[in-house]
Each structure stands twice: as structure tokens, then as C-alpha cells.
Amino acid sequence: MPGDPSLSIIPRDPKFRGLRDYMISFFGLDRPQWEQFVIYLQRLFTLDWGLSYQDHRPVADILLHDLGWTLLLVGTSTILTVLIGIAIGAYSAIRRGKPFDFVSTGIGIFLYGMPIFWLGLVLQSAFRKNSVFQGWIPWWPALPTSGYYDDRLIPWNWDILHVADAFLHLLLPALTLSLGTLAGISLVMRNSLIDVMTEDFVTTARAKGLSPRQVLRRHILPNGMPPMVSLIALDIAFILGGAYQVEVIFRYQGIGFRTIEAIGSLDYPLLQFIIVIGGAAVVIANLLADFLLLWLDPRIKIS
Amino acid sequence: MDLDIRRGEVFCLVGESGCGKTSTGKAILKLVEATDGDILLEMPQEDARTYDEARTRPDDPRSREALDGVRRKYSVTWKENLPWAAGQILIFVLAILAATFLAIFVPSLALGVLRDPFASPWPIIGFCLSIGLILGSVGSLPPTRISRRTRVIVALLTLGSVVIAPVAVLFIHRALTGDTSRFEVGAAMASPWAEDPAAMILGLGLAVSAAGGACALLLDWRERSEGLTGIRMRSIRRRLQLIFQDPYESLNPKQSVYEIISEPLAVNRISRNPEETSASVREALSDVGLRPPEEFIFRFPHELSGGQRQRVSIAAALVLQPDFIVADEPVSMLDVSIRTEILDVMMELRSRRDLTYLFITHDLSLAWVIADRIAVMYLGKIVELGTTEQVIGHPMHPYTKALISVVPSPDPRHKVERIILKGERPDPVDIPSGCRFHPRCPLAFERCGWAAEEVADQLRSLKADGLLAGAGDFEVSEAGTVRVSVGSLSADALVMELNALLSERRDAYLPLKGIAEVRAANGAIELSLHESSEPPLLEIEPGNFVACHLVTQPAPIGPSVTA
Amino acid sequence: MGTVEVVKVGGVISPFRARAIVVGRRMQDIGLQVFHNKTAMAGLIILIFFTVLAVAAPLIAPYGPLSAVPDVGPLTLPAPGHPFGTNQFGYDIYSQVIWGTQISLLVGVLAAAVASVIGTAVGLVSGFVGGWIDEVIMRFNDVVLSIPWLVLMIVIAARLNYLDLVGIILVIGLTGWSVTARVVRSQVLSLKERMFVERGRMIGSSNTHILLRHIFPNAFPLIFANTILTVAVSILSESVLAFLNLSVKSNVSWGRIIAEAYQHDALTIGMAEWLIVPGLCIVFLVFGFYLFGYALDEILNPRLRRR
Amino acid sequence: MAALLEVRDLTIEFTTKAGIVHAVEGASFDVERGEALGLAGESGCGKTTTALALMRLLPYNGRIVRGSISFAGRSLVPLEEASMRAIRWKEMSIVFQGAMNSLNPVQRVGRQIAEPIILHEDADSDVALKRAGDLLELVGISRNRLNDYPHEFSGGMRQRVMIAMALACDPKLVIADEPVTALDVMIQAQILDLLERLRRELDLAMILISHDLSVLADTCEQVTIMYAGKTMESGKTMDLFTDPKHPYTQGLVGAFPDIRGPRNMPEAIPGDVPSLISPPSGCVFHPRCKFAFDRCSNAEPELSELAPGRRAACFLYPEVTEVPGRSMPIATR
């Protein structure tokens, strides 16, 4: 295994030799690698994810705390993205070939190609205190740019002050993440709806005398949704990737922030658990999507 | 199902969709494995007689031997089950070894070569050896895959990269550096591996694909080595060809006309040189009426009209000089005005090249004008077979009659009474007992194979209509009879009512005909049914076969049917 | 829309000549269509611009990627000799941005090539062979897909604590093939059912022949367009890794410039170019690849133009 | 009394990347109340486009260039979208070719049939569903199947569902676009039988579109033959099929094998259907016509009346005497 984690825990100074040896034997790093692996598997079996090398707390405790905040961030922005993305996608599908479609698709592709971390940096600079814009536009808002909520309000309490502050802190990260993933969803939605719109039953619906809005709501959308759902589920891994970048930029101390820290200190138990959580998220998202599809599309049967 | 098609005739197979006509065509061409039975090609008369005779006594070991002999000679689907030979196992092991070797060493060797090509000759030598190994495994492919010429070339290249290249490299290196030290092979090969974890990842990727490829190759090969050897199959393939239904779908959009038509020649290694190939392609093109061939030879399918595409499709089948062609709905996707041209081309080729056609179609009026003989299929069985005049001019089977009556005619003066059958064809998975046509047959009678379930259903619906008000439930017993429990009426009264119903309404409610006897039995009424069997395909006139109880045996009761 | 004249050929046609004519006609046709497609041309112009920038970096850039501007200290504000200012070591940021094009393009194209080759091979085999092999490959693919790509990349990059150019290309390429494999597989599955494949069987072609002559040429346009899009994704991935200080350390790349700008609070000290320009470069390069990729996809795989 | 539907000089174009497609040019026909009109022609002759134009449902790149459509005294071409919507399905409904694709796959058929009833008659959904059940029984499907999805029906059944749906609002005119194509002969006969019965019982006017002349011969009173977007000939079914005048009609009638006629190979019309982007000059049929002479490639023949109710667009007819040295073509049948 490359990189000796003990080096990053304890200063490389002869006087810490004893402590270092103790730590190494405490974490079992002196045993052969295969033995370490077997021990790890044994512990997994009892849902013991091990201790973090860094602060010696159970990995699961640390990450479950972080997970809440990451879920808040990802959840908010996913809901935002899906709603807005579907609206934009649907509207440009109806206006296919018209200026709105052209502009929204162009902006979409442009945003799609934007590195999320850079977008975050730009937004952060734009909305920080004393940003350039405030000099130009007097009412330009300043938004909090780091942390879950104001340091002065620690510890957390369920009151209006904390919640409002947490919401303010959530605003910029969620906006960044949404902008970064919005384009993908609206583009896919547009193409999927355009595919549906060429189907014969849409012509039938129009022939029945339905207005374009009724056709869209009753016939096009219900048929355009199933492919969307499975795509969003597949995209969860990418949204998570984006969330990690956003967390680093905004010092939003969720899983992603913790990941980068763990990499810096080679905290393997933590990293392993993070990968497990990520995989689980994707698996759960796909499961949910499958159930949703079952409900959305009568042609799919449980076999 | 038995069919014999004579040389030079147009044999039409007609029926509704899903009746098995396309499957039959494909089975003949061995695209779909026939479940049972033989497809025998070019069998002379006396062998045919032996075959028919032997088939009547399937239990006799001598006749089985005779059958196998005939099959071995003429069957298209004959299989010899070959055991796994030691050679095959050896090659299997070799393939796995090769995959492992390549996966582990090639990346590290390649990296070694890239990093410092002049430090040591060994990575380059290892590289040559690996390439030799790849070539060697290509060279050990079964003969169906590569020609003799390719094999010789591959063998020479293998020899070159395994022996000559390494020696040459070693000598050049020594000459350049004056190095005479010994070399530790293991260390040299392992070091880049240990140094560079990226190579490890690449190695894993390669291992997965190499192992997958080796397994796929092997599975495919095993499948091939069963049954006919490839060479034999190829010679049969040459003589049996298929014309596809949809000229839009059956031509590869990325191939030019030349490639489409020359491909069969190349694949079967028939034409030896470019001159021969171009001549054959031109000949095939002008034979199907695409003249001058130069005009069409480098077009893509999307640059051709529908009729031209179908002509190309025919040309691609003809270029192998087949003598038997299965044409699966060759004109159904074409516009009416073009259809006839294609048919004309096909018929002209028949006389010129002495072709035999198995023409599969759902269009009876088309069969009427082109066929010599017709077989009508229903749910996977032939129900009527004979010359065109016999089948369409004087249909015997009720299904054929109905089918012919509903074929629309372009001349409004030719109006006939249409016999419109009720319902749709049953699920081929759940074929009705007795005669498979009886549930829809307007002339069905006692022996057609009514099942207890059908009779019970009919009685239930009669009860729902207010008849048989005195009856209780209708159940199907295990013995194949229907039990009627007694409701408000007494059993005797119910028997009377049922008998009255049977004698009056049996022509309106056909399933009632299946009831043979009504008898009261301990508080309920039991209806036993007529016995039935599936009607065999019997010759009623010379050359005219019909599978119907009405035609092949006089009906004891019920309406008399004469064609 | 451009159309190519039908070629009339007489005399003997060798297989090689036939192939050349066919390929020539297709390329000509596609070239004409690209030329007449505004989106494709816009994308192509952006790509050509950046390619020229990358190739001609030694000529255009006034300084080397890692060489200090003489007589000017670190963190100098923009001035004529160094239009975007200098960084914390006194290197010229303008030159760094130009040199960074090389890494982005190189990593993007090569990583996408690795991903496409693996993805195509896996997709072709899995889709065409089918059965349990397909099942095994697709389950494996699911596993790869289900691991968040960024974490996977970061972990690999961190474990191989030293990453050279080949390393970063392999890391990005090897984590990026599963989408391609999925796309190719589904295309192969639908192509396999097409009638011309059955015709291929009919004339006695081997599976390899069918795969190479019928399936692959028909799947190729999709693979190609998909590769172009994968290049865009790979460029983004490289910039993220560089930003997290996990990419090539011996050379400068846009992501790393942004990271340095971020660490030194470029905006506050009035060096907005330091942060904005490399970001815009990434955005435009990726935009160019996306435009070209989407337009190419439309040209090569017309959904509504069948028949 | 004026005819229920009068179409005059209908001309439709599509704008595509490759150029302007002249899909229909100068189509004119009448449909009387309770009468069935057949529109026949090969692929790409503009049959379906005409049908879509009647309901004003052309795709976004198609437009009616000129001509008038008058339905029950109202002119449809200048009508605004909202009033057109009130006419669709209420007065004029359509049955499309592929019933599989014309039904919404994720909606129960009951709801799909009831949808126009709710929309046009302000019925509440129970009443509408009850009507939907009645309609299903009318076309021979049990009302228990109201809650099934389209994929649970067979091809013939789906076509029946489409027909039930078309009748939902008691329209005056039903357009059936290739209603029996791709169905088996027996199912085809069942559907045609059903259509004919419904037409008699409900006194419907019907436009039956088909490439198969023999289907029209059995069911329609009037037939119009189209070729490459133009009307070639129209007239009473019996006259038109027994004594076709236009060379194209002659060719078309002769191209169908007749199972009740002699065992003759049908005759081919040489050549291919022309491109609609750059149609041939003069008469569109002249490149394939065996009677073509100079004038055919220069001028376009008008659709002129040969006999009451019988019209053809061919130079051979009104002025046949002007062509010396050519014998009057005799119908091949």
C-alpha cells in the first residue's frame, strides 16, 4: 500500500518513536496486508467500519454526521434541478427550432461544459462581502460563502435563527451545484420529449381537439418521463462528484470535504467507507428509479 | 410437417402471420434450429423411398441405421455429436495461458520498451514473443475460420517473431553495446510491473477483455464444431439462398452495392481474384435488370429506390449460383407498381437458371398467379396442400375456404359471400386440442376436438343469456367431462332442457356439438364428450392433401359438407 | 445539404479499391455535411483555435511554463509585459495559460481514446456475444458505474502518489469507459436484430466477420461522436484533479492555475484574470468539443432520416 | 344540398433541409353525407398528408399553400386554432395506420376513449367511461377491458379500440388512414366489415385511405386516385375499376393480381415513383407512361370532367383526336 498513513499522523521525530509504534500496532498496521484485509472484512460483517486514523472516532459516526449535510445539499439542488430542468427542457421541446430553444440549448451546452469548482469560485467571489459588484451595484447582495451556518451560532439548535442561517449558507452551494447539473437534465428532457412528440399517439391526441398544453400534460410528459427517471438515477454518481467539488469550495463540511481531507491524511478506513456510501447512494437511487418506473410505465412488469 | 419441393417449381407457403411459415423457411436455411425432423436436400427417388419406409418403423434398429445413413448424406440439419477432443482441451488451456501471459507481461514490456528502448534487448524480445503468441493463437483457429493461405502466412509470421526477430535483436544489441552479461528473465519482466502501478491497471483491463475474448471464441467454435463441418455447410449454403422481405432493412447501409454482392463470394472463398469477383458482380447486377452495372456498382442502399434495393438483394443471393431459393414475402414491402417487376425478374431467373423457389407469402392472390403448388398453414401445421388450381380453385378445408373468400379483389364485379371467421388466431403456445382450427371453424362438428372447458364456457354464457336458468354451476371434471350441478330445477327436468337445447341450438352454438351424452348422476348431471383426434394430412385426390375430419371421413351426424 | 456524385467504375475492382472508393465517398459526404452545419463549424473553429494554441505554444508564449518573468516579483498586477500578472513564484500567468492548453488537449484526447477503445471493445463483445458473458460484463460495468467517478479517480490518483502524464491519462481513461461500453452495447444489441446481420449469417459469414463488417461500421459513427463528447468530459476531469492538486505536478495545467489563483485570493488582490481566464479557456474548449460532438452525432446518426 | 366536405385545389408543401417537398398539389374531391370516399395511391403520393391537412394537423414544417376545405358549410383553412379544436373529433375524427403507435402506451384505453367525450361534451368522467364501455361493445370488445393498457391488446383489437375512439363524439366524418394495412386478411375482413356496418348504422361519411385498390373496391362508392401529390382520376368505384381511363389508373388496376380472375401475371408499371422535391415537368406520370407524347412533358394536364362524376387529368382524353397516329388506349381489363 503506497503512502504510510502513520507518517501523516505522527511527526517524524525520534522522540515520538514509542507513540508511533503504539499507534501502528493499535491500528494493526504492523500485520501483513492480507491479515489487515481479513480483519477489515470481519469488522464489516459486524457493521464496524473501523476508527478514523485522524481523530480516532468511529468512521461511521463521523460520516453519518457529514452525510446529513451532504444530503441536504444534494437533495435541495437535485429537486431544484429536476424541476427547473424539466420545465426548461419541456418548453424548449415545444418551441423546437425557435429562438428560446436555440438560446436555452446553447446556454445549456455552455453550462454543461463548465467545471463546477470554477463556477463555484466565480459565484463565491461575486457574492462575498466587498465583492467587485457591490462597488458597481449598491443593492448587490452578499451571501455567506462558507460553512453550514454562522460560527457564532454554534451549537446547533432547532430554532428559526439557525434554520434561516443554514438556509442562507445553503443558497450559494446549492445554486452552484444546480447550475452545473441543470443543463444536462434539461438537454436530455428536451431530446426525450422531442422523440415522444414525433410519435403517432401525439398526433391522435391533437386530432382529438386537445390544446397543446393538454397534449403536453396528458400525453407527452407521461411518456417522456420514464427515460428521464432512469437517466437521472444514472447521473447520481455525477451529481455526487459535483457535490464534492462544491463542498470543497464552500467549505461545506459534508462527505466531499471529508474525502479530500481523508486523502490528504491517507485515512483509509474513512476513504473505504466513503466509497461504500457513494456506491450505496447510486444503488439506492437506481432502485428508487426502478420503482418509480414501475409506477410510471405500465409496460414494465415485475418478473 | 412433411413437405417435398420438386426441382424447378414455385412452391407457395401461405397463411396468416404467426402461423409458422417464416419459421419453416428459416429452418430450411438452418437459421433456426428445427426442433425435430429432417430437411433433406437433393435426395434421389430410391433414397426417398428408403427414407419413407424406414420412418414407418422407428423402433427397428436396422431402419434407424438406414435413416441415419440417408440423413448423413442429404440432411441439412444433421448433427454428429463430437466429444471434446484432447486437442480442443489443449488449445483451450493454451488460450487461457496466452490471455494471462499477454495481460500480465505485455503492458510492462511495452512500458519498458517505451521508457528506455536501448537499455536492454529483453523487453523488445519479450514484445516480439508476445506478438508471436497472438499470431500463434490466431493461427490455431479451426479451418472454418481461416483459409489455408492465411494459415501459412500466419505460421511464417509466428516463426519470424518467435525465433528470428529475438535472435536478430539480441545480436544487434550485443553488437551495439558489447554487452555479454547473463540476463535474468524473471526480474526483467517483473520490474516494470512492480514499478508502475498504472501498468497493473492496464494489465487488469486487458486480462478481462482477453479472457472474455478467448471464452467467446471458444464457445463459438465449439458450437461450430458440432454438426456439419463448416466446409460442408458452406457448400449447402451456396445452394440454398434467401431473399429477404424488407429491402430497406436487409441491406447494410454502410456497404456499397459492390460490397453487398461480392461479400458472399469473399466469405465463402469462391472467387479467387478481383477479376472474377467484379465479373460475377456485374453479371449478377445485369441479371436482375440493373443495367448498366457500372451505374449502380458504387451506390449505397440509400441511393437506390425500393425496387432497385430488392433487385440488389436478389443479386446478392444469386451471385452464389444457388439452385434453391427461399423468398420470404419478397414483395410485400414494395409499392404495387414495382412488385410485378420484381416478380418478373424472379420468374425469368427461374427459367434461365433452373431455380426452385419456396415462396412464403400471406397474399393469396399473389400465390394464385405465381405458384405451381400451394400449402396453406394454420398454427404451424399444413392444413391443405395441392396444386394452385386445387387449393384456390377448389378449396376443401374450411380454413382455406374462409381465407379465399375474404381476399379482396380489385374488380368490384367479382363479389362473393365472405366467410368471416370470428376471433383471432389462438396463442401458438396453447394450441387447441383435436383439430387446431375447430374453435373458429364455422363447420365444426362432433369429432373436431371440443374440450370440456369450451363446452362449459358455452354453457355458462348461455346461462348468462337466460337459457338454462335451472342449472347451477358448470365444472370441468378431471375425466374430461362437464358436471352440471342442479339449481332450481330437478335433475330430470334439467336433462330434458339440455337435450332440447342440444337438438335445437347446436348449429348456433357449435361447442354444444361436442356433447355426446347427457346423463344424470347422483344429484348432478354429467355431460360426456365425443372422442376426437387431430386430423391427419391425407391425400384425397392425386396431389391434393387436406387435414380435416369433414373431408377425409364422412360425418356421422351434422351437416354434410361437400366442396 | 451536400450530396456526392455517384461514382461509376468500370474494369476490375480489387477489394482494396472498392474499400477506398467507399470510404472516400463517405468521408466526402460527411465533410460536406459538417461544412454546411453551422453548429459543427462553430465547434470546429473553437477546436482549431485551441489546437493551434497548443501546438504553437513555444512560439506564442513569451515565457516558459515554469520560468519567472525577469525583473518582476511574485504576485504582480497585470502590465504590458505580463498581461495577466505573475503568480506566487513570479511566473507569467499569460504564458502559463497558453502552455496549459497542451496538457488539457493531450490528456483529454488520449484519455478519451483509452476510454473509447476499452468501452468499445467491452460493449461490442458484451452486446454481440450475449448470454452469460454479457451478464458478467454488465454487472461489472454496473459496479464501475456505481462508484462515484470523482472519488474513484481521487483515490486512484492519491494511491499512486506520483502521477506522470501517462498515469493521469490512464486514471481518467480507465474510470471513464463504462458509459461508452453501455452506449455501444445498446447500439450493438439493436444492430444485432437488424435484417442485414441475418443476411450476413445467411451467406455463411463467421461471427467475427459480422462483427467487423456489419456491426462495427454501423456502430462507428456513434462511437466516434461519443468519443468527442468523452474528450470534453476528460478535460473537465483533468481540471478537477488538477484543482485538487492531484494531476501532473511537473507541468502546468489550467486547473492548477485556477487552484493557485484560489489559494492566493486572486480576486481580492485585483487579479481577476488569474482566476477567470483559465476557467473560460476550459469552458470554451469543452464547449467546442460539445458543439462539434453533438453536431456530428446529428450528422452521423440521423434519428429521423432512416428510410 | 352542398356536400359534407368539399376540398378544392388543396396544395401542401413541406420545408425540409433538402428543399421544398410538394406533397399535395391541387387535390379536389367531395364527400357526401353517409358516403365513403376512397383515396388510393402508392407510397409518397400524398394520401396521409391530405388526411392530416383536413384536420389541420400538418407537422410544423408543412403548410397549406392554397386551396379550400369546406366542411359542413364552414371553411377550415382560415379557421383559427381554437375553433378548429372544437371541430376536431367532435365532427371529424381519424383512425391512423399503426394502431400500436396511435394509442398512448401509458394510459388505459378507457381513459383514452373517454378523453374526447369529457373534452367536447363536458361530461363527467363516470358518464364518459360508461360511454366508452358502450363504444367498446359496439366494436365487439368486452367492456371489462376498459382498464387495460394498449399493449395488452392484439393488433386487430387495437384497431377496433381506435375505431371505438373515433366514434366517441358521434362525428359526421371519419377518416381512416390505412386502417387495415399490416393486418392479416382475416382480421382485415373483420375490420372492414365492422367499418361498413358502423357506417350504415350511424350514417357516417368516411374517407378510406389505402394503397390497396382491392380494399377500396369492396367498400367505397367513390374513389380518387393520387400519384406524386396530384389527383389523377376520380369517379364512381364501379366505373373507375371496370373502365379506368387514366394510364396510371389502368396500370394500378392491372398491377393487382385478382384471385377471382384468370391466372395472369399482373402487369408492371416501369420506373419508380418520382421525387417530390423536383417532380418531373409537365404531367408527373409521363416518365412512366406508355402513352406519353411530347405535350406530356411540357404542359400539365388539368383535371377535367369526362362524364358526370368522372374526372381524369390526362391529355389523352378530351383532346384525344388531336393526337394523330396514336390509337385510343383501351383499358387492359
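As written, the chains take the letters A, B, C and D, and residue 1 is the first residue of each chain.
What we mean here is this: a contact is a pair of C-beta atoms (placed from the backbone, for glycine too) under 8 Å apart; a residue touches a chain by one contact, two chains touch by 3 or more.
These numbers come from a predicted model, not from an experiment.
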Intersection of contact sets, chain C vs chain D, gives A, B
By Cα-centroid distance to the whole-protein Cα centroid, the innermost chain is B
Whole-Å distance, C-alpha centre of chain A to that of chain C, is 24
Chain B and chain D have mean C-alpha positions lying a whole-number Å distance apart equal to 38
Whole-angstrom distance, CA centroid of chain A to CA centroid of chain D, is 55
Taking each chain's centre as the mean of its CA atoms, chain B sits from chain C at a distance in Å of 43
Touching at least 2 other chains, the residues of chain A are 2
Note: chain D residues in touch with at least two other chains are none
Touching two or more other chains in chain B are residues 197
Contact graph of the chains (line, ring, star, complete, other): ring
A full list of chain pairs that touch reads A-C, A-D, B-C, B-D
In the complex, the residues of chain B that touch chain D are 16-17, 305-308, 335-341, 343-344, 347, 362, 364-366, 368-370, 388, 392, 402-404, 406-416, 418, 420-421, 424-425
Listed in rising order, chain C residues that touch chain A in their complex are 143, 145-152, 154-155, 158-161, 232, 236, 239-240, 243-244, 255, 258, 262, 267, 272, 275-276, 279, 282-283, 285-287, 289-291, 294, 303-304
Chain A residues touching chain C in their complex are 1-3, 109-110, 112-118, 121-122, 125, 131-132, 195, 198, 234, 237-238, 240-241, 244-245, 248, 259-260, 263, 266, 271, 274-275, 278-279, 281-283, 286
In the complex, the residues of chain B that touch chain C are 29, 31, 144-145, 197-198, 201-202, 205, 208-209, 212-213, 215-216, 219-220, 233-234, 237-238, 241-242, 244-246, 248-256, 258-259, 262-264, 266-268, 274-275, 277-278, 281, 294-295, 297-300, 303, 313, 316, 320
Residue set of chain A touching chain D in the complex reads 96-97, 199-201, 203-211, 214, 218-219, 222-223, 226, 296-299
